[in-house]
Every structure is written in structure tokens, then in C-alpha cells.
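Below is one structure. I have some questions about it.
Note that the chains are named A, B, C, D and E in the order they appear, and that numbering of residues resets to 1 at the start of each chain.
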Amino acid sequence: MDLDLYLNSYVYVIIFLLLGIALPVGGLTFGKLLRPHNPYPDKLVPYESGILPTGDAQVRFSVAYYIVALEFVIFDVETVFLYPWAVALDHLGWFGINAMLIFIVVLGLGLAYSWKKKVLEWN
Amino acid sequence: MDLVNMIIYAVTVLGLLLGAVTYAILFERKVIGYMQVRIGPNRHGPWGLLQTIADVMKLLMKEDIIPSQADRKIFMIAPIIAFAPAYMVLAVISWSENIYAADLNIGVLYFIGISSITTIGVLMGGWSSNNKYSLMGAMRAVAQMVSYEIPLVLAIIGVVILAGSLNLRDIVFAQQDLGVWFIIPQFLGFVIYMIAAIAELNRSPFDLPEAESELVSGYHTEYSGFRMAFFMLAEYVYAIAIAALATTLFLGGWLGPVLPGIVWFLLKMCLFMFIWFWLRATLPRVRVDQLMSFGWKVLIPLALLNIVITAVIKVWMG
Amino acid sequence: MIPNILTLLVFLPLLGALIVLTIPNEHKNVIRSIAGITSFVTLIISIIVWSNFNRGLSGMQFAENYTWIDLGFVSFNYELGVDGLSMPLLVLTTIVTFLAVVASVTIKDRVKEYFVWMLILLTGMLGVFVALDMFLFFLFFELTLIPMFFIIGIWGGKEREYAAFKFLIYTGLGSALMLIAFFAMFYQGAMASGQPTLNFLALAEIYGNPAYAGMISNAFKAGLFLTLFIAFAVKLPIFPFHTWLPDAHVQAPTAASMILAGVLLKMGAYGLLRVGFGILPDQAANFAYLIAILGVVNIIYGALLALVQKDLKKLVAYSSISHMGIVLLGAASFTTSGMQGAIFQLVSHGFIAALLFFMVGAIYERTHTRMIEELGGLSKTIPILAGFLLAAAMASVGLPGMSGFVSEFLAFMGIFWASPDVIPAAKTIAVIAALGIILTAAYLLWAMQRTTFGQLHQSHAHLEDARPIEYVPMVCLLGLIILIGVYPAILGDVINTTVIDIVSKIGG
Amino acid sequence: MRMVPITLYLALAAILFCIGLYGVLTRRHLVIVLVSVELMLNAVNINLVAFSSIGPFANITGQVFTLFVITVAAAEAAVGLAILIALYRNRKSIDVIKQDLMRW
Amino acid sequence: MTAFNADWSLMTPEIVLAVLALTVFTIDFTTGIRGKKPFIGTLSVISLLVTIVLVVIFNQTPGTIGSTFVVDPFAMLFKIVILLGVALVIVNSMSYLDKHDDMYQGEFYSLLLFAALGAMLMVSSADLITLFIGLEILSISSYCLAGFRKHQAKSTEAALKYVILGGTASAFILYGMSFMYGLTGSTSLLEIGAAMPTLYAQYPFLIMMSLFFMVAGLGFKISIVPFHMWAPDVYEGAPTPITGFLTAVSKVAGFAIMIRILAVGFGGIYDQWYFVIAVIAALTMIVGNTVALVQTNIKRLMAYSGIAQAGYLLVPLAALLNIHISLSMIVYYAFAYVFMTLGAFAIISYVTEKENDEEISSFAGLYRRSPFLAHSMTVFLVSMAGLPITAGFVGKVYIFLGVMTSQMVWLAVIMIVTSTISFFYYFGIIKQMYMRAPKEEDSMLKAPTSISLIVTISLIGTFGLALFANMLTNYMNGLNWIIL
């Protein structure tokens, strides 16, 4: 029974997923019937404030973006540990608190480190 | 039979959602209008009630332009990837004690996990357009969204500690048992959540990714017609989802006296929506460097602190 | 008697090396004298050991035994001792090394390093002859590689690096085989007897004990013996494992050549006798025929190659190969006289080869050539050196009254009277081997005829004859050669008991 | 409801693992190579979670393991990307074939 | 829940090292990121020494924490080797870092400390999860360290190769582990080991497959053939002290867990796999030694030499011996290996830096330029070649004796023949040092104190382990190595 409920829930998820995809696909397909289709080269040029675009747009970005991404990866994954811990805190008691304090201190040290390294500054 | 019911539920939610978005847009324009001592949309239908519908019709009939230099496949699926997750997360929202779909025991995690996929859609859209504005907008959006996702997620942990569950319904029940909504014991968490949520949604004052004065229209500059509509739709659906989550986590979900649960739930959501529109009307846009350092240097440490305090108090109290 | 005299003997040179290390590079003479003194004192000690050696005992004397590394299932022990087999070689080593150190006055470059390596080499060589534990034996055996590599590689001739590497790899592979055989022997011995031991004597007892014969198959023993034989054959060297030797000898500096030919080759022979014959006498007897044939091949092959050499030093090197054949021949005969001959030949060749190499070196130093055809008429300019060269050659040929004669005589007698069970066609072999000796006479006399006599080369008209310091090695070596030649008993009574012991093991 | 047999999960994981390995071995773009490594790690996660819930000895340990694997994968990806950036700055290319300063 | 009432004092060394490492890390970033910080290096060395003392004190009596963390003589000895090795690497790095302003000093040291911590955790773990965590702490720190000269293309390239292949290797290990877990429902090596024989009878294919994946993955980490291809590139590109770290410490630690997994987890089906290990060991020795012959870059040469050495270390594991004897051999050789390798690397890093040239020819004439370094290098090389009277000799003979008694004569033959072949390249370096003229005359090298210190310590270790081997072997005899 429990398992049924469990699986039913995921059937919902799948239905939502399919609907979420179906709506835009359907909408766009349906829209084809209504909308005009008249492309010509000038229309298909990327918009650059009215003048012709210069150079490739897919340039490399500032390294700051990468670093933010890296920081994000680390911190986001650390939260993975915090969630189970938060749920189970009742059972863990002070032991859990201590363990997580250590964890958070280390995490905080990492944050302080990146702060000091000026990773958190935006240019 | 079950399956049919499920589909009916999902379709209903979708329909209602589209309606809600339609009127949320109108609501926003009206609210901001009045705040700025304007009337707002008022031509289509009484009180401008058909304005958004007219807009949608227009968008539906606009030409679908795909720039010649765009990465076609990615360009075409980006709106879908942006929209679908925003809608999917609604599967776990429990609108009232009896109206709910997926009762996942990891509801919070599901919500956080799925909602982050939207970011990828944004990035894909911006990148594939092959337009400098789009790319800049997308990059900013992504940087901002990932930066604020962490405080958002950390802020929720406080609630999870108190409730001892990741199930959204259990969290509401926990507030029922406690007799007080989590906004009280988790006020710090709530504030962090609100700020982070606004940034997640790219809403004012954190709407840098689509700062029209700098970046035209941000990551969807090159999008036109119905494709653009889906980006817009995704944003609003996501806003509704975040509001629903906030309601569940901090405002006791469907809890409330006299009125039926669902009404309470929707009212609380509307409150959040209203706050966001209000902020948009009042606050100027922040600078990008302020935005980033605020998230990393203030919100994250605060969120960590909140976790520690919450945990210690929780264990202290038994 | 000095306690632990063997330890003192072995490690004294190492101590000397350490002292040399502390002396600044500039004081070359101080370094030379310290090295000389050290090797001389070592020589004295070895003579003390020699004179205190009880001729009547066949077992190990001056034994020392300490546990060194205990591995739980077996221990590597520090076990030393000498018997009639190692005693003469010990003295040979100290004498040749001392003389080589004296002969090293010609070394002018990087003197300190040279003598350090020389002294370490001495320790290694002495260690090999006194070690009774397989691990210790192997350790000293390998230890000799490094100094020799350096000495050849740094102070050698034009092709020194090539020669050094060839020496290193060949003998290294030999040692590798040796180690395999050692440990296989250890394991089977331990399995059979239940007593894990690496001691040569204990192993000899286990392998000789008929009670364990069931556990130790003959095939295993045969394989073991062959492996050991090949391992030592590289060092000895026995055809076809000899190719490193000409290169190494020719490229090595004079003193190193003396030691190489005088001592290092003997380590191979010693190992073969100590381990191969000592522990597996029955297998040695089984393979005696093969060994004898190989001995003959060595004699003839070495002699033939020597015959065509244009380089005097190479000629001497090949003569070494040839002479080592006699050792094999003697040992293979399993008669008392043959075995005596083998040991006599070891000692005698040690002195003769050392003297020959010294002479070649001394001449090369003056004429800057070793090509036989470029030399000639040396007796006219440097009569003394030429005379000693001639004497050495005569000794090598086996002139009566010199040590070579005694050893060859004994060895041939041994092989001639060898039991037909051991060597079926002993007499034929002896005859063929004797032919080899004639070849020896041929190439040596021919070479002497062309170098000491004959036409004097223009550029060699004014050469300095023997320097005083050079008399030391020359006179000593020649003296010893003659001493053994005219009074073989001085050597014989030391080795006899042991030889009889070895031979009696197979009832010969 | 009928259960999905565990072999299907294992097969899925195996396929993912192979795809990842194939990617590591054949792709030229270093980012894709890194992603392929992640794919392999995710195959492991599927395995662990499958065993953890419907394996012959189902228990929670597998999921705990998965958390650690995820974390480590993230850390590895972070380090990998950081190095990738440094490499790009030095070489102006992130093509595997061009990373050939060292050959044996 | 055993974690609550476990005897956490067993973990004291690890905890202390973690705290000290974090302290070093904190001091570093609070004093500014750039600049020379010799005091941090000193502090790191002190931390490691303190930890060694603590290991000796607290790891004397065996014990476990909830069957995930075990303290036994095996763990203790390996920890000592590792910590000693890292301490030597740090001392070596101090002079190296002095010359390279582009490297952040504090991070370097703290990464090394974390790596040491990971390695310690790893050798003490009896649980797949703990083991994996330890491994990854070590690996990830190593990736960073390998690419530490971030402005140098070679270094970053090395790091990238290392990351990709290391990550792949981790995936292999994990994939194998996932099956172990799935089949036993436990990640505890002890439980896996207990279930192994019956399990093997049920699912022989799955067990062998998971074993294969683990061996392959761990093989990557310790660079055994055929999983060694990354090693030379990474070793060449990495900063030289780090190359030393990777060849010595990282490899030894990898060995430790490989042994732990094989002995404890798969010990029950030893008959099924020892032969595979034997073949791998043979291949490792053959390939390592022969390919080393053609190397001209000293670091690559050392990489191949390290591969060969890994082969020797693998041999006792493949030999059908009592596990305690095998472990004695491995630990003895590990000690010897760390001393000789790190001693050699101290000299290599100094000379190659001075010459700005990593070819073997940069050693030409070293005997004249710095006799002390040349002689010491000779000792280390001789030890690596396995010639007397060095620790490498005793260690190799010890292993050789063991494998002979296990009657795997072919393996013994390969081992000794390949080590003879290794004479060629080891003595090739010696040839450069003694038989070739230096490039410029009168370019005396004056080794800094730190280098001299390591070299001296390593010399003492290399000789001491040989001459006083008894001290170690007596201790190891009859040890109850592993908690089974």
C-alpha cells in the first residue's frame, strides 16, 4: 500500500512532466496554423541595437562566471548532506549537532577562504 | 481509472495555472499602475480583464523567427526546458489537506532539484540565440540563479529541522502541531528565503538578467511570438510555484480558520505575489557586484548561522 | 688470537674508505698512503689468519655467527668462517689488492674516489670468501659490482662506459640466477628438513642427508646445479657466458684488471666449488662430464681467440678464459689431485694474471699502445719490464718451477686419472686439453717474440724502465709465483684437508 | 503494482557506465570528457540506489554511499573545471588531441 | 548505533591532523594569499611530526570504530610511512617554492596536509565508504597539487590528465564497490569478507567482475600496468616535489587500500585472483623497467621506475604466502621505497631547478659540482636498483625470498631479471653524474639546508633500514597485522 502510494506519486510527476512538455509543443504546433511564416535574411540577423552584428556572439566569458559556477557546485552539494541530517536530527541529538558543527565550520572556512581570495567579488 | 483521475487533476492544475498566470500578469500591471498613479490596462474588456488574453492571442499569431545564426535545436527546445520544470514542481504542492497530487516524502528536495533545471533552459536560450545581449543576459541570469539558490536551499533547512521531514504535507502538519507557523520561529530563514526567492525569479530589484536599459530583453531577446511567451510563462509559473512553496513552508500552507484550506492557501500565495509586485514598483535595480556579494557574503553566512541556531535550539528543547 | 678477526679483516678496508673520504681531494699522496696502509694491514691480518689456520681441520675456522635480520620464518645471519677452500683465496685477495693499490700510483685523476671504491671492492671480495650465509654471500657478491662499475667506467679506456655497463649487466644477471638458485635451494631444504636455514654448511648437510632424499628430487637438484653453474659461469667466465670479460679487462685500468683477473674471476670459481660442489656434490659428479667438456672448450676457445688477438691486453684477457678452463677441468675430475689443481690454478692464475696485466699496463703507460705489432724489441729499451713480462708469460705457459706448472700438472693428472664413472672419456679429454696448453704456449711465445724481441719501434727508443714503486708488485708477484712453483706444499697443506673432504663426499 | 526487476536498473547503469567510458575514451572536447566521467559516477549511483532499495539485501547504506559519491563527483568536477580553465589560459585550446606536450 | 559510543580516541591522530591542517589553511589565508611563507611550511612539518607521535601513541592497541575505522598495526605502519613521506615532501617543497613566486605557498602546504589526512583515513578504513572518502581526499588534493604551477602549460596538462583518468579510475572502483554492496548489503569490508566464499559460489561472475573493476581502478591510482599510461605524463608535468609525493606517498597509500580490500574483502577467494595479480605484477615490472630504458627526461624515468617498483610491491600480494609475511614484506619495502624515492626526488628537484632542464643530462658531472648530492643520489639509485648495502636491496631480497618460497618461480625470475635490466637506467644516471663533464665548469652547487636535511634523513633511512633491519623486522614478526 505504501509502495503504491509512493509509486502513484511518481506517476503524477511523470504526468506533470509530459504535460509540461506537451503544452509548449502543442501550443507551438497549433500556432503554426495561425502565424505567418515569411523569413528573409535581414529578418534573421541577430538583433544588435539596429546595426549589423560584429563578430561571433558566443565568446568566452569572464572567468568570474566559472568561479561562481564552481563555488555553486561545491556549496550546492554540501547541502545534500545537510538535508538528511536535518531530517534525522531528532535521532542524532547532540552527536548530530557536533558533527554538523564541524561540517559547517569547515564549510565556513572554505567560504572565508574564497572571500579572502576575492572570488566573491564581481570584477 | 486512477490514471484518468491523475490526468484530469494535472490538466486541471495546468488550466487553472494558465488562468492564474493570465490574471497575475494583469494584476501586476494593475498594481504597479495604481502605485504609479496610473490606471494600467483598461481597454480590453471591463477593467482590462481581457488584456492578457489579447496579448496571448497576439503572440500566438506572431511570426516565429529563428535567427539564421542560432543553434536551431537548442534554440527550439530551450523554452520547453525552461517551462516544464516550473510546472512540474507544482505536482508536489498540496493545495489543501485533501487536494494534492504527488505526496512525495522528499517533496522539498524534489522541488529544489527540479526547479533548478529552469536555469539550464535559460542558459540554452541565451547561448543558442547567438546574440550578445542574450548571452550576457543568460550568463547573468545563471550566475544569479545559482548564487541565490544556495541561500534559498539553506534557508529551507531550518524549516526541515523543525518539521523533521522533507514531505511538504508533513511540514504543514508540523506547523499545525506546533500551533504556530514557521514564519515565527524561522523568521531569519523566511527573510533569507524571500530575498533569495526574488533573486531566483529574476524579479525586481534583482532583475539584472533582463535589465531592458542594458540588455534589451536579456536572454530571450531573439525570441519572438509564442516561444517568447513560454519563457514569460515559465517565469510566472515559477513565481507561483515559489510562492506556493513559501506558503507551505512558512505560512502554514492551507492552515487557517473558518475558510476552506484551499482558499487560505491561495490567499497566502496572492500575498506573496503582491509583495513581489510591490517591490518591483518601489525598489530600484541593484548593481551586479552588489547582487553577487550580497548573496555570498551575507545571505549564505546568515543561512548557515540560521541552521546552527535552529539545530541547537531544536535539540536543546528536545 | 684476535677475536672476530674475520670481521676485522672484512671491514677494515671499509673503515679505510671512510677515512679516505674525510681527507680533502688535494692530498693525493696522503690518500694513496692511507689506502696502501689499509690494504697492507688487511694483508697482514689475512696472513695472521693464514698462519693460525689449523691445517688439520676440514671444517670452518674462525667462525662467527650472529643473527642479523630476523624475518620470522627465516633469518639472515651474519655468519663468517674460512676453510681450506677459502683460505688461499682470502690471502690471494689481500695480496693482489694490496699490489693493485700499489700499482695504482698511475692514477692521477679523482684519486680519492678511486681509492674509496678500491677499498669498498676489497671489502666485498673478502666478504664473499668468508660469508657462510647465502644472503651475506649474495650481498658481498653484489657489492663488488658497484665499485668495479665505477672503476671501469671512470678510469677505464676509451670504451669504458660500454664495458662498465656490459660488466654490470652480465654479472648482474649472473647474480640474479644465483639468487634464484639460492632461494630455491633454501626453500626445498626447509621443506624437506623443517629447518629453514641459509647456511651453506647446514644446507650441505640437509642436501647430503639421505633421509631427506625423498623430499628433494634428483631432477630438482639437477636443475639447481645447472642454474648455479650458469650463474657462476658468468663470473668465472665459462664459454659462452664470457663475452663481458674481454671488454671489461681491456677497458679497465691496470689495477682493476689485476683485481678482475686476479680475484673477481675466482669468486665465480669459489662459488661454484662452495655451493655447487659443496652442497650438491652428487649433481656435480653427474655433470662432471659436461663441466669437463666445457673446461676443454674454454681452454681451446680461449687459446684460439688469444692467438688471433692484436691487442696484448685482449690476449691476456683471453688467456684468462683459457686458464679458467683448467680450473673446471680439475674440479670436474673429482680426484684429490684434480681438485687441488683447480684450487692451485685459482691462486696461481690470480698471481700470474695480475702480473701479466700489470706488465701490460706498465708497458702501455710508456708506449701508449697495446697493439702487438706496434710493440717490439722492448727488451732493448726497457729490459727489466720486458724481462718480467717474459717471466709472467712463461709462468702462464706453465714453465716448471713456476706456479702455473704445478696447478696444470695437478689438474691434468686429476683428469687423467678421473674415475670413468665420473668422466667416461677422461683420457681423451685430458689429451685434448693438453693440446690447448700447447696452443697457450704458442700464442704467448709468439706474442712475446713479437713484443720483447723483434724490431724496435721508432718512437719507443727512449722509454723509462721500471720505477722503484713498480718493483713492489712485480717482484712480489713473481716471487709468489716461483714460491708456489718450487714449494707447492705451502699452499697444499692448507687446502688438502678440505679437498679430501669435498672429494670424499662422492666417494671419489 | 509490479516491481521493476533490479536487473533493469543494473542494465541501465551498465549502459550509462559504458557510454561514459566511451565518452572518456573517444571525445575530443575536454568538457565532454569531464561530463562523461560524471556519467560514469552516476551509473554507480544508479547501481547503489537500486541495490539499496530492491537489492537482495536492501538497506539504507547504499543511499548514504550515493550521497558521498555525488559530493565527490562534484568536487572532482569542480577541480577538473578549474584545471580546465587554467589549461585553456595556457594553451588556448581544450581539445584532447592538442594536449600533447608530453609523449613517451 | 555504534558511532555514538565508539572509542573516538582511536581517531585522535586524524582529528589532530585535520585540525592542524585547517589551522595551517586558516593562517595562510588570513595572512594574505601571496608571498613567501616559510613558517607555514615549518608549521606543516611540525604538524606531521606531532601526528606521527600521536599515531605511535594512540594506534598501539588495535580497535575499531563501528567497523568502519580500524586501527591495527597495518594501519599504523602505513600511516607512519605516509606521514614521514609527506613531511619529507614538504621539506623538499620549501626550497622549491622559494624559487617559484607564481605558486601560492600556503595552499600548497595545506593541500599536502589534507592529502596526508586522506591517506591516513584510507589506510585505516575497513568500510567501502570511508575508504572511498579517504581515497578521494587524497586524489583531489593530488589533482590540485599536480596542476599547481598554473601558468605552466605542462603542469596544467598533467593535472588535467590526472583528473580525467583519476576520475575514471574512481568510477571504476565505485562501480566495483556498488556490486560488492549490492550482493552483500553491506559496505563493511569485514562483512563482505565474511560473506565472500558463499557469495562467490552463488555469483562467481559478478564477484569477479566487481573485483576486476576495483583492481582496475586502484591500479590506475597506483599506476600498475596496464593502467599506468597516465603516470609518466602526470609525473613529468607536475612540480617536482609533487612528483615525489605522487610516486612515493600516494602510491604507497594506494597500495595499502588495495591490500586491505583484497586481503580482507576478497581474502576468502584468494585462489581465484592471486594469479591475476601475479600477471599484473609481472607486466608491471616488465613494462616499467623496459620502457624506462628509453627515457631521457629524469622525471619520466622516475615515473617508469616507480611503475616498476609498484610491480615489486605487488609481488608479495600475488605470492601464495601467509598474509602476515606478505604484509611484512610490503611494509618493509614501502619504508625503503619512501626513503629512497624521496631522497632521490629531493636531489632531482634541486638539480633540475638549478639547471632548468629535466633531461638526464642535467646531472652531468654532478660529482664535481656537488659531491654530496652525487654520492647520495648514487646511494638512492643503487638502493632502487636493489644493490647492497641498502634498504632497497634487503627489501627486494626479502620479497624475492618470499616469492621463491611460494614457488611462483616464474614471477621471481621476472622480478630479478627486470631488476637487473633496471641497472641500465639507474646506472645511466650514475654515468651522467660521474662519467660526464658538467656543462659548465666550476658551477658548484650549494644545496640549501632543507635539501641537505632530506637527503641526510633519507640516507640514514636507506642505510639504517638495511643495517638495522632487525629493528623493523623484529617488530613486524608475529604482528597481528589486520583485523579480520
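FYI, contacts are C-beta pairs under 8 Å (C-beta built on N, C-alpha and C of every residue); 3 or more make two chains touch, one makes a residue touch a chain.
Everything numeric here is computed off the predicted structure, so don't read it as measured data.
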Interchain contact steps from chain A to chain B (minimum; 1 if touching): 1
Lowest number of touching-chain links that must be crossed from chain A to chain C: 2
Reference chain E; chain at largest CA-centroid distance: B
Most distant chain from chain A, judged by the mean position of its C-alpha atoms: C
Centre-most chain, if every chain is reduced to its averaged C-alpha atoms: E
Most contacted chain pair (by C-beta pair count): A-B
Centre-to-centre distance between chain E and chain A (centres being mean Cα positions), rounded to whole Å: 40
Distance between the centres, which are taken as Cα means, of chain E and chain D, whole angstrom: 26
Distance from chain C to chain B - Cα centre to Cα centre, in angstrom: 93
Distance between the centres, which are taken as Cα means, of chain D and chain A, whole angstrom: 19
Two or more partner chains touched - positions in chain D: 75
Chain E, residues touching no fewer than two other chains: none
All pairs of touching chains, each written as two labels joined by a dash: A-B, A-D, A-E, C-E, D-E
Touch list for chain B against partner chain A, complex: 2-3, 6-7, 9-11, 13-14, 60-70, 79-80, 83-88, 90-91, 101-105, 108-110, 127, 129-135, 139, 142-143, 146-147, 149-150, 153-154, 157, 160-161, 164-166, 216, 221-222, 225-227, 229-230, 288-289, 291-293, 296-297, 300-301, 304, 307-308, 311-312, 314-315
Sites on chain E touched by chain C in the complex: 324-325, 328, 367, 382, 387-389, 393-394, 397-398, 400-401, 404-405, 407, 409, 412-413, 416-417, 419-421, 423-424, 427, 430-431, 434-435, 469-470, 473-474, 476-478
Residues of chain D defined as touching chain E within the complex: 13, 17, 20-21, 24, 30, 33-34, 37, 40-41, 43-44, 47-48, 50-51, 55-59, 61-62, 64-65, 68-69, 72, 75-76, 79-80, 83-84, 86-87, 89-91, 99, 101-102, 104
Residues on chain D engaged by chain A in the complex (per definition of touch): 1, 67, 70-71, 74-75, 77-78, 81-82, 85
Of chain A, residues touching chain B in the complex: 5-6, 8-13, 15-17, 19-21, 23-25, 27-28, 30-32, 34-39, 41, 43-49, 53, 56-59, 61, 64-65, 68-69, 71-72, 75-76, 79, 82-83, 86-87, 89-90, 93-94, 96-97, 100-101, 104, 107-108, 111, 114-115, 120-123
